[in-house]
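Two complexes follow with subunit A in common, the first pairing it with subunit B and the second with subunit C.
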Partner chain A sequence: MTIEIPKIAYAGKIKEIPLGRGENIITVGGESCCPFHLFEGAMPHPPKIAMEVYDRAPEDWPDTALEPFADVAGDPVAWARKCVDTYGAEMIALQLASTDPNAEDTPADEAAAITKKVSDAVEVPLFVFGSSSVDKDTEVLKAVCEACEGKNLIIGPLAEGNYRAIGATAIGYQHTVMASTPIDINLAKQLNILLGNLNVPDDKIIIDPTTGALGYGLEYCYSVMERIRTAALVQEDERLQFPIIANFAKEVWKTKEVRLSEMEAPLLGDQKKRGILIEAMTAQCVLLAGADILVMRHPEAINLVKESIQDLMIRGES
Partner chain B sequence: MSKIICSAAIRGAHKIVGTAETKCEDALKKWGPDQEIGFPNTTYYLPIIYGILGIPVKTLGDAKGVLDKCKKLLPAPVSDKVWLPYLAPALEAGMATFFAEEIIEAIRYLEEPDFYTKGEDPLPDNIWLGAADDVIMRKRGVEFVDGTAPGFAAILGAAPTKEIAVKIAIELQEKNLYVFMCSDHEGKTMSEQLIEAGVQIGWPTRLVSFGPSYTAAVFAMGFATRAAMSFGGIKPGDFAGNLRYNKDRIFAFAMPLGTVTDEWYANAAGAINWGFPTIADTPIPQVLPTGICTYEHVVSNVPHDQIVARAIEVRGLKVAISKVDIPMSYGPAFEGERIRKDDLYFECGGGRTLGVELTISKDMSEVEDGKIEMIGPDLDQIKEGDKLPFAALIEVAGRQMKPGFEPILERQIHHLINYVQGIMHIGQRSIMWIRVGKAAVEKGFLLKHLGKVIHAKYHQDFGNILDKVQIKIYTDEERVKEVLEMAKKLYKQRDERVEGMTDETEETYYSCTLCQSFAPSHVCVITPERTGMCGAYNWLDCEVSYEINPTGPNQPIEKGECIDPVLGQWKGITDFVFKASRQKIEQVSAYSLMNFPMTACGCFECVATILPLCNGIMIVNRNFMGMTPCGMKFTTLAGMVGGGNQTPGFLGVSKHYICSRKFLKAEGGLKRVVWLPKMLKEEIAERMEPICEEMGIPNFPEMIADDTIGTTEEEILPFLEEKGHPALTMDPLM
Partner chain C sequence: MGLSGIEIFKKLPKTNCGKCGVPTCLAFAMKLATGKAELDACPDLSEDVKEELGEASAPPVRTVVIGTGEQAIKLGGETVLFRHEKRFENPPAFTLLLSDKMDEAEISAKLTKFKETAYERVGIVLRPAMVAVKGESKDTSGFMALVEKVCNDTDAALVLMNEDTDALSQAAKSCSNRKPLIYAATSENVETLGSLARELSCPLAVKGNSLEELAEISEKLIKMGVKDLILDSGARTAGKSLEDQIIIRRSALMKKFKPFGFPTIVFPCEMTDNPMKEAMIACQMVAKYGSIIILSEIEGHSIFPLLLASMNIFTDPQRPMAVEQKIYEIGATDENSPVLITGNFSLTYFIVSGEVDTSRVPSYLLIKDTEGLSVLTAWAAGKFGADTIAPFVKKCGIEEKVKHRKLVIPGYLATISGELEEELPDWEILIGPREASHLPAYLKQLKIED
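And then the complex of A and B:
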């Protein structure tokens, strides 16, 4: 007996967004089906992973996360190169964490100079994240836009409070933006409408719906992401038909479960393996919810997820 | 358009195109057609020509070609005998003017390379900056797009004195506008006047000295044209797109100071194409009707002390106020503050003294934005513990303002004042009550500051519907009484208006999808007689919310053809809800509990459900913790109703809706209600009265059982029977 698999014909399609520049452009999006439902539609561009690079040597990372980068921490350029050369990173996500007014409060021009150096050092698409402080990000990301004119960086987070200033600058210097909202489909849509009103071109918008770590509200993030994707595909909600980025590595590696050593919590097992698996599991979940770009940290977790994406992209017999 | 203006503009355009031709011919002779020309450091060539015609002028030969086009564009001079529709030819003349002027300026760059400084700042021996290069344009253009600089004033000529020049410049700077200056009036230029007066000019202070000739006006227009291409994604040659972008987004206007020559008219006519009106200080003819520009086209003879305010109004520019300028902190954190007796310095209203707050709308000409008047003694003139009567009269004006918005604006006063640190505000209208703490007075707080708060916050929160706000604060007994009298009359009118508004009188209802963040398929349909179930949104609120945020959660819905007046179903509503619920809800009734009831999100004030034994309906409010006759507490019920599902027999309702004439009309209305918690019954008692009168059962509230009578159906049924509750004899509910 043959089993007929029920199929849904999706009316909507995710927009294709070219990231980076020149010969190194990587396109994301373009899906015409739910994640990996290859029997129902196409996923012309499989999800991609952007490897994290920090602008300063991280002080609060567990050793298990720092180990692969111990030799480059504090030198963002070397760090980025290592990600590309040693770990084969397809994209880099520069976290300008030290610009946080509650941390080092690195000035905007300095952050822009760092970004410029990193962007000169690697050819792959470069994501640049501020510290999620509305006012400071405005300064920092505007400076970054100016310093890296024409490089088509992907900058964010653009929030309700600063999308105008950063968005306008991004238009002027031709960068792509990440529209960030706090786990809410309506706000996500609203911000995309506003960016459209500002005249940010449709091929320069990525949705950052906010992603938590496994065990820390991930299911809520999952369902919002899933709803954004289904609204885009099924209800043809035009203002939600953008690729989604999930920026969760920084969330994963600060959880208690990842930081406790085996001595402190013998029941939780090997600390290194645990961290890698929690990061990989979080990634796996958001992949299924519809994420197009994953911001990840640990090379081993990344390898696991890459493998998984490859497996899922094999089109079975239908 | 005025015939005088049109003929002058067309005359001017002919002169300017003629000049350009002569210059071009001379240059061609001297340098040949392949000689490169252009503005410095730009990829937009001569930007107006490039943006509007899509022609990249790279050489003198190219310029010649454009001038030939100009001549075709130029309308014949207006003769005295013909009476034509003048607007179109004048606008074309204006376009030709700009093309020609760009060529004149480009030839100037060729012949006198050092005529302009080509930088951001004037030099000691040369104050003329010339065209902005792409670096400046990009950097400054961002400010135009993100709103830090909403636009620019293109000033031609000079003010009568340097003092007036300074005053106008400062006023424009205060509105965050760029001031682009060119041309002279009787040999004087505004740029020179400012320098003489010691004002620093240049791009950094936003006072830009483009050039001494009227042709330098093209640097301002070229800036705007490039901004549209750079930030608006407008393609070169897409003239309609470019002009629309500028009209909608760049708040610019021309301000000729001094005698308006034919050449100036030609430039002004050109600017109208971009939607930039002209505001003049001389008595030239006015062109008032709106068409191309958002409002008027040419407004003239404006006194210098009003010219900036008038320009802003005519261009439809919104005032942005970023900070509430008072001596204490301000923000939602201080909303819940209490001022206790021991800390009290001063109080008014609240039954202690007369007190009233009133917001009214007026004509644009009657309101001076930012004017705050204090009539009577302020806190620095009284002693601790003194009492004063109080009236705050807030007068607003705006092109989008409707009298219907007045009560909504007035209702904001409560939280706006409460946000001030050290001040407590309770109530509204003539039952308002303000307490001022000692700490606030020590910091220098005055009643006058309340005006600043309201002015700033009204602009911030309601900028879309109002343009001007002025405030009068009275502590003078006689004057307070006057305001109170006026207020009482208005309150009465407003109440009647709201009362008189029914679901039948309005064709448009509103949606609210705010709660979709946690109940994805939920849509509140808000009608004049049915408020949102959270109690926070009524029909008028939605109307305002839509005006303020047209892409927000409150969208107007044309209710369309009525499907069933008793159930409350309309075609337009059905279609809207089907779409907005993501195709989950196929039909919805506004007035029924049993038949396609409205979905509920989770933040309803009350839940209504049926009591089959009593053939009636019970309602329980969120604050009531006890058991109810349906066998469930509020929390359990809430779990059953919420989540955006349609659950016949269960409904989320607001307290206000219970006393509406449309309350569950399909099930028989209020008459069906057999049980309410006592606290809820008391809360709505006053509003229930008129409805009970209308039902012909004035003592109906006494027939409704409450938690003191019983919390099971069996317990309350005998009570209902004894009272002869009408529900018992109504049609069966199920």
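And then the complex of A and C:
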């Protein structure tokens, strides 16, 4: 009996976006099929992982997450180098958490100086995240754009309330932007239209649809990603044909379940393995929903996910 | 699926007798078409019509039950490719593999862990579902002894696995009253096992070495009258397995291809020796269409996240999950602990309680029933205003637990604080942060004692 594979006709294609610059450019996107559906389309650039670096020594991380970075915490340059040299990071995601007005409220120029140092210290593409405070991010990310002119950083989140100011600055200094909206396909599309109206070039936009952790709203993010991806490929919705980033490590590592020790919750098993698997499985789910870039923390979770991407990129024999 | 209300109506008796609970046959037909009524509610249908309509209205992936009683596991019944199209129906059954090659101590330890592993979340109990007993040694008596031990030790639904058809038949007969899944019919033994499954009324797994072979065997079994099948395409790599699962599901849904209209069985345990990687592959299959997922071990650190993933993917996207309305005590609370209130959308509860936990400030969290809506939506719908919050605060019993009268409301509800102070004259209303992530900083600076 011959099996005729019921194929889906994909009329659309995800745009290819070059990240970073020079010899170290990494291209993401370019898919012409649903994630890993290699029997009916192509995925020329397998998903990539950006390793998190923080601008300050983390205060509230469980030891299991801090342990790999204990020697570099508080020194973002050393931290970023360790990610590249020791853990082979393909890309770095600098989280400017200390700029949060509810935290240290680090001023914009200081944050820009830190970012500049990190961007000078590593060659790989650099993502820079503000604290998601609309007004503060405007100041911080504008300063970052200026300080790192021409480096094609990927900066965000650009939200409804600040996309104009940051977007315009990003174009001026030749950076890529992450358009961030709260788990809603229509809002995501709307912001991409607005960025287009602002003349942000199409090869400078990444969609950040917001990602929660496994057990903490992941189902909403998963479905929004699947809808964005199918709308882009099947309905040919041109303003959704951008690569998707999933920034979930910070959500995963603050959940109760990664913090409980095995003593406190024996049925939850080994605390370290549990945290690693919650992070890695969150990644596994969003990969299958359509994420192109994952922002991750634990080196062992990253290794598991890298292996998973490799395995899914092989159609294989049974 | 498939038939419209009008098409169904043509087959009904058109007596408008109302015995089905609906006034007219047309109304009943409409309900049938949308899956909101059962055929059996009509007392006047002939068996032929019942069969015809039953087949036409059955989901494209058959619902198969393994096991009996409270531990019975329902699989399949799926009608969509993506959860956002409607919803996924039956979450996968995580299944522990036990082999007659394992020593007794290992088997006992694994079974104990299997039985004690259960987690409660939003009022739902999550647990591994079944035990697979595999005969790998040539010794039938050892296999039979293991089947007996497992039967005596747990009520869980079973999968019986053995390449030796005689041993498999013997085991299936010994516990057929528990409706185990018989694994598996192949090209070589399809007649024998097909007859056995029919005779014992047990579900039967089908294993092909390719999708083509799988379809051939499955078709043969359908012709033999075996109704409850479970499909194994033979894929033993992550990539191939993803492809096969998608093709099987699509064939059933898009082409109504009967041989693939059944739940599937997958084997992460045979795809790697690394337990962490095995868990990752299992997670892939939760999202993409594995129904029975066979695991080499049940360990809290891997089965808990897998169960979470399964709960996330199989949640009905059209109905928000809600938690119980009550006072939640976070940390070692006392009469001076802060009191916060929010709605009962499960995600709101998880995030807010998580942040309060992170703050290490012991607090009372009042969860008010907002019908699973988030704070702003509930407020807009009139379910989370001063008029409903006030009576809840008075009645919930928090006034006996704390000696202060300060209530922290979500930042997004700042506009109702004046109204709420009027409704709750004894209370001072404090406006908390808009985002839960700012709660730790807020709680740390909060002064309860004057």
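Observations on the model:
Methods note: the second predicted complex is superposed on the first by the 315 of 318 C-alpha atoms of A that agree within 3 Å, B and C clash if a C-alpha of one lies under 4 Å from a C-alpha of the other, contacts with A are read in each partner's own complex, and residues count from 1 in each chain.
We adopt the following convention: a residue touches a chain if its C-beta (ideal position, glycine included) is under 8 Å from a C-beta of that chain, and two chains touch if they have at least 3 such contacts.
This structure is a prediction, so every number in the text was calculated from the model and none was measured.
Contacts of A:P46 after superposition on the shared chain: neither subunit B nor subunit C is touched. By the touch criterion stated above, A:G88 is placed in contact with neither subunit B nor subunit C. In the overlay built on the shared chain, the residue A:M1 is in contact with subunit C alone; subunit B does not reach it.
Set against each other, subunit B and subunit C touch different numbers of residues in subunit A, with C touching more. Once the two complexes are laid over each other on the shared chain, residue contacts for A:P107 go to neither subunit B nor subunit C. In the superposed pair of complexes, A:R227 makes contact with subunit B and with subunit C alike.
Of the two partner chains, subunit C is the only one touched by A:R274; subunit B is not.
In the superposition on chain A, A:P68 makes contact with neither subunit B nor subunit C.
Of the two partner chains placed by superposition, A:G30 touches none, neither subunit B nor subunit C.
Contacts of A:R164 after superposition: subunit B is touched, whereas subunit C is not reached.
Counting contacts by the rule stated earlier, residues 227 of subunit A appear in both its interface with subunit B and its interface with subunit C. The touching residues of subunit B, when paired with subunit A in their complex, are 138-139, 141-143, 145-148, 230-233, 513-514, 516-517, 520, 551-553, 582-583.
Subunit A meets subunit C in the complex at residues 1-6, 36-39, 60, 102-103, 212, 214-220, 222-223, 226-227, 230, 254-257, 259, 265-271, 273-274, 276-278, 280-281, 284-285, 288-289, 300, 304-305, 307-308, 311-318.
Within the complex formed with subunit B, the subunit A residues making contact are 142, 146, 164-165, 167-169, 171-173, 184-187, 190, 193-194, 197-199, 201, 227, 231, 234-235.
On the subunit C side of its complex with subunit A, the touching residues are 82-84, 116-119, 121, 209-212, 215-216, 219, 233-240, 242-244, 246-247, 250-251, 254-255, 259, 276-277, 279-281, 283-284, 287-288, 299-306, 308-309, 311-313, 315, 317, 347, 350-351, 353-355, 357-358, 433, 438, 440-441.
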